[in-house]
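Structures incoming, each one as structure tokens.
Common to both upcoming complexes is subunit A, partnered first by subunit B, then by subunit C.
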Partner chain A sequence: MISRRHFTRGLGAGLVCGVSGCVTTQANQPDVPPGYRPTDADEVGLLRVFDRMEEKLKKSALHLKTPALTAYLKDMCCRMAAPYCPDIRVYVVRNPEFNASMASNGMMQVHTGFLLWCANESQVAAVLGHELGHYLRRHSINRRRDIVGKRDAAAFLGLTGLASIPGMSEAAQTLIFYSVQAYSREHESESDAVGIRLMARGGYDPVEAARVWERMIAVQRQAGNDPTYTKQQIFSSTHPLEAERMGALYGLARGLGPPKDPPPAGLMEHVRPLRGMMLDDQVKSGDDKTTEALLGTILRDNPDDVGMVHFHMGEMYRRRQNTSDLGLALASYQWALASDGAPPETHRSMGLVLRKLGRQGDAMDSFRTYLRLRPDADDRDVVQRYLAEG
Partner chain B sequence: MILRMTAVVLALLVAGCSEYILIGPKEMKTSVVFSRRLEVIPDVAISVHPQRSFATIEGFDLDTLMVWPGIRDGHPLSPVMPDWPEGRTPPFKITMADTELVEFVETSLRGFLDVPVTTKDVRPTTLDGHPGIRFRYAYTLKDDKGGLDYEGIAVAATKKGRLYVIAYQGTRIYHFAKHLKAAEHVIATAKLSSGKGSEDTSDEDR
Partner chain C sequence: MALLLAGCAGQYQTRGEALRRDQGTPRILLMPMDVELSELSPGGTEVPNGDWTHAGMRNIETAATAFLNGRGARLVAYVPPPADSAESHDDGQLVALDEVLGGHIKSQQEAPTQQIPTKGARFDWSLGPAAVALGKRYAADYALFVHVKDSYMGVGRMVYAVVAFSVLGVYDSGGHQRGSASLVDLSNGNVVWHHAFSRNSGDLREAGVAAESVRLLLNGLPR
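Now for the complex of A and B:
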């Protein structure tokens, strides 16, 4: 037997789904053709919004004008989706968060934080391919139409007076929210599937698409964060579970098989000029547990610039300002100096730690070395004051 | 009924106006404004936020003077949100070296602005005769927060185990340079006090 409350909720849900279902079906369209410019008023409007955003982004100081890295990322997109190459514009954005995005006007934003997290070029290609998937499937406009359609359905309930039935309005609103989020998760899964095929076509190793998530889950677990959602979050999240994505991508990768030739491997060469800044931003995010786990993973997986990574590990320990971390900081700086890629600032930071440990003589030596290696140091006067204080 | 509603509306309007305190040039010491631990004498009219930590000449989004008078050891520069990671706005430690004070202010600003903050021109200085540090900083707000570029200067010094920070910032394109002289005057007139007679609470520290 069904109660009246359940019946009215069911009726509301059915009506909302019925109307929004039509919208969704109508919005499901094939890939955009190369050089696509929309004619529908809503899509034209959306593109204008993105065009304005792009104009602002071009002038923003957060947009890093790095021609070599930008060209490299653009080339990766062209490898995967050659016919669309002229339509894609890549922007490297200074942001420590793991993220990339692509708007339906062809504007792709790649966060520096995301580049730091990736172990190789195939992993970068996996995320760029995913973003291209959103673009090719026109997810921006479809999602907008989905929301508008569901909002219209809710308005329809209000007009017909059905919303005044007890429980109807709340049920409809809840259902619309979960439906919109589910639609978003559907898009993410679809983009994963499109992206992995694109990366395989571009000569990348599809299995790396799954390893991106495996790496992220491992780092989060090591940092003590739970990479799974609660039951409620499973329905309210815009993205599928990371573990779920990883599993699905491993399945797809098995179907596609490994690349015939070794995949391109130019990531380190191209991000090297920005690596210090990227590591610095990660350390300054203040999320020490994630930073420690991530830097540990980078040290294990990437043999490049080990000195620079050890330096930033030391910075993380030193900045905590705990006496118990001074030894860890000092050890990291010593590792850094014994490896390639340690910046001159390692000596300054080591001097600060040694001073706190009461090793004044060693500290002064470190400060002198810093000033010798960095004669134009921005903080030269302050370090000279340290030397004068003894 | 109409009379009662009018009275309510007027009361709300008056309450709204009382949010900001206008202080004319050399009219009064601003110790009242920036807590009993830091006095400054502006030479231009400024509007002071009732929380007594912020002041502006033209508007808070355009130019802002920020004062943190007497942060105690173990306390952060700004309030910490519950969902932020522990190190996002780190606590001040009395053991911090001058260059670490720069990092402390920079990280704190970065923490509550949620954008990278760059620093430069780090120099030794004094604040009311106390050895301290001075530096310039810059940041760009995210697009959804207006995307404006800001520049700023900050001066920090410690006295009797407490940290005193004065920072001035403005839009890079216009306001920073326009009011820099007034900000420098404020910094030059700063008087640090131990806050005797005031309640020693965290709120007061802000």
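Now for the complex of A and C:
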């Protein structure tokens, strides 16, 4: 799993990690052979757990059946790790959080939110490569064994009478927790190192692996979140510090050098059909500060469909139901309509804002334009009532 | 000891209907089972064991077949439809819905604060009309949904338990078997019987002894 803890809150970070393979072993462990099927009972057992999760995921409403996008992501995996191509199954999951995960049975989940965050195909490849790293190094089972082993040791230690010393039992629990988290961070670093090599092999620009984090740090700073951990979090986090990862990845990228040919650049083309939904989900996440910073970054870096991004920025301001934000919302809609890619809903939302601002005539014009552009709108009846009320 | 007793079988619930027999021997479709058998590590962590789980599922199916034969009913095996088909999706939704419903039935029975106020003690749950299509596809009268988790001590855990008892006087009862099952009438989607249980004994790994667990699981199944 790629995300830092901050982005996994609400997902049950611990569970998701154990389950999605946030983890691994010491460096230099060999990769699993292509077509690997485990034989150890505990590894087979874990695989079955993942297989059951995959069966559920296949039927989940959050699993987006988008054959073109799924095939595109799968091709990226195959480009980076051809021998493992038959072992990996990619699922696009509707979730605004920046995340992707990999289970040891070959199930890779890619969040729509992560695709929205990425500036180009190489950045997507960086994260997919990282997830493939978890798979190649069998991080799922190694983390599982690490946790079980440490708990076992603690249980027997408890029998020696140490547990009767006041505070000792709590101290042991804390130590286990930090030790397990440290092991997880080792895995993340290892996957970063494996992933960036896979990226380079696939013809992507390795430096983009570092830029993923640079972008995230910049957005968080802008959103007013401190992208550094407190001292305590340094030990408790499952993932290394972003700045630390960024620095390490810049170092690795320098060693690998830029690609000979321009890297593939198909991200926007494949994401475009889902972009409205992704932006809408981001707005509805309720984390307005991050939304504002992220959409601002997208507007700055990405010249495509600017009107659509402005529209969703406006939606975020409008949804606050705050009079002082109505002006910002209106300005965003005006920007949207002056750019390419604004959806017809821009007129409806603009009408709602103008109505609140007391500009009835302008509001009615916007509503009429909306119904003309979207004659089969779901909310046609409501808008017509507004028109009738004048 | 009181705790041990409290951890025993729960009470089954039914609509009080007998199995429909007007079309001959009732056909009961066994839905894809939700089963997980684990080994308890020395520290007490449940480590899912693939071989045991596989054997457990086979043993449940065999024992349930024999159990139903004894009741004059027939178990019908579920044949998975093509992975991407609408049927596969619908069946998956039914299994998921049954799992959610099982949780509600449990809290309605055991957790007064989480009860649905208008439900009272009535046992009138349903998976809805979507279940009817399933019945037609398999020419089945009922569907049986099974959820079971079981765990067993590994050697390390046994050593730990013996030492813990002799040194600290702490008694460890070992593995934990819990599960639930429901029978759904495929003519209308109604849940006609539901049973949930939890205990610190039983073994599903061996065909011979698994029948005892399955008899408990199917306790109170309409005749």
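Simple rule for what comes next: the second predicted complex is superposed on the first by the 353 of 390 C-alpha atoms of A that agree within 3 Å, B and C clash if a C-alpha of one lies under 4 Å from a C-alpha of the other, contacts with A are read in each partner's own complex, and residues count from 1 in each chain.
Rule of thumb we're sticking to: a contact is a pair of C-beta atoms (placed from the backbone, for glycine too) under 8 Å apart; a residue touches a chain by one contact, two chains touch by 3 or more.
The shown structure was predicted, so the numbers you read here are calculated from the model rather than taken from an experiment.
After overlaying the two complexes on the shared chain, residue contacts for A:34 are found with neither subunit B nor subunit C.
Of the two partner chains, subunit B is the only one touched by A:57; subunit C is not.
In the superposed model, A:379 lies in contact with subunit B only, and not with subunit C. Once the two complexes are laid over each other on the shared chain, residue contacts for A:147 go to subunit C alone; subunit B is not touched.
When both complexes are overlaid on chain A, the residue A:42 reaches subunit C alone and has no touch with subunit B.
Once chain A of one complex is fitted onto chain A of the other, the partner contacts of A:348 are limited to subunit B, with no touch recorded for subunit C. Of the two partner chains placed around the shared chain by superposition, neither subunit B nor subunit C is touched by A:273.
Once the two complexes are overlaid on the shared chain, A:251 sits clear of subunit B and of subunit C alike. Shared-chain residue A:83: touches no atom of subunit B or subunit C. Residues common to the contacts of subunit A with subunit B and with subunit C across the two structures: 56. Across the complex, subunit C meets subunit A through its residues 34, 36, 38-39, 41-45, 47-54, 83, 88-89, 92-93, 96, 156, 160, 163-164, 167-168. The touching residues of subunit A, when paired with subunit B in their complex, are 53, 56-57, 60-62, 94, 96, 281, 284-290, 319-321, 348, 352, 355-356, 378-379, 381-383, 385-386. Residues 84-91, 93, 95-100, 102-103, 106-107, 110-111, 115-116, 120-124, 133, 138, 140, 142-143, 147, 149 of subunit B are the ones that touch subunit A when the two sit in their complex. The touching residues of subunit A, when paired with subunit C in their complex, are 41-49, 52, 55-56, 58-59, 144, 147-148, 150-156, 159, 161.
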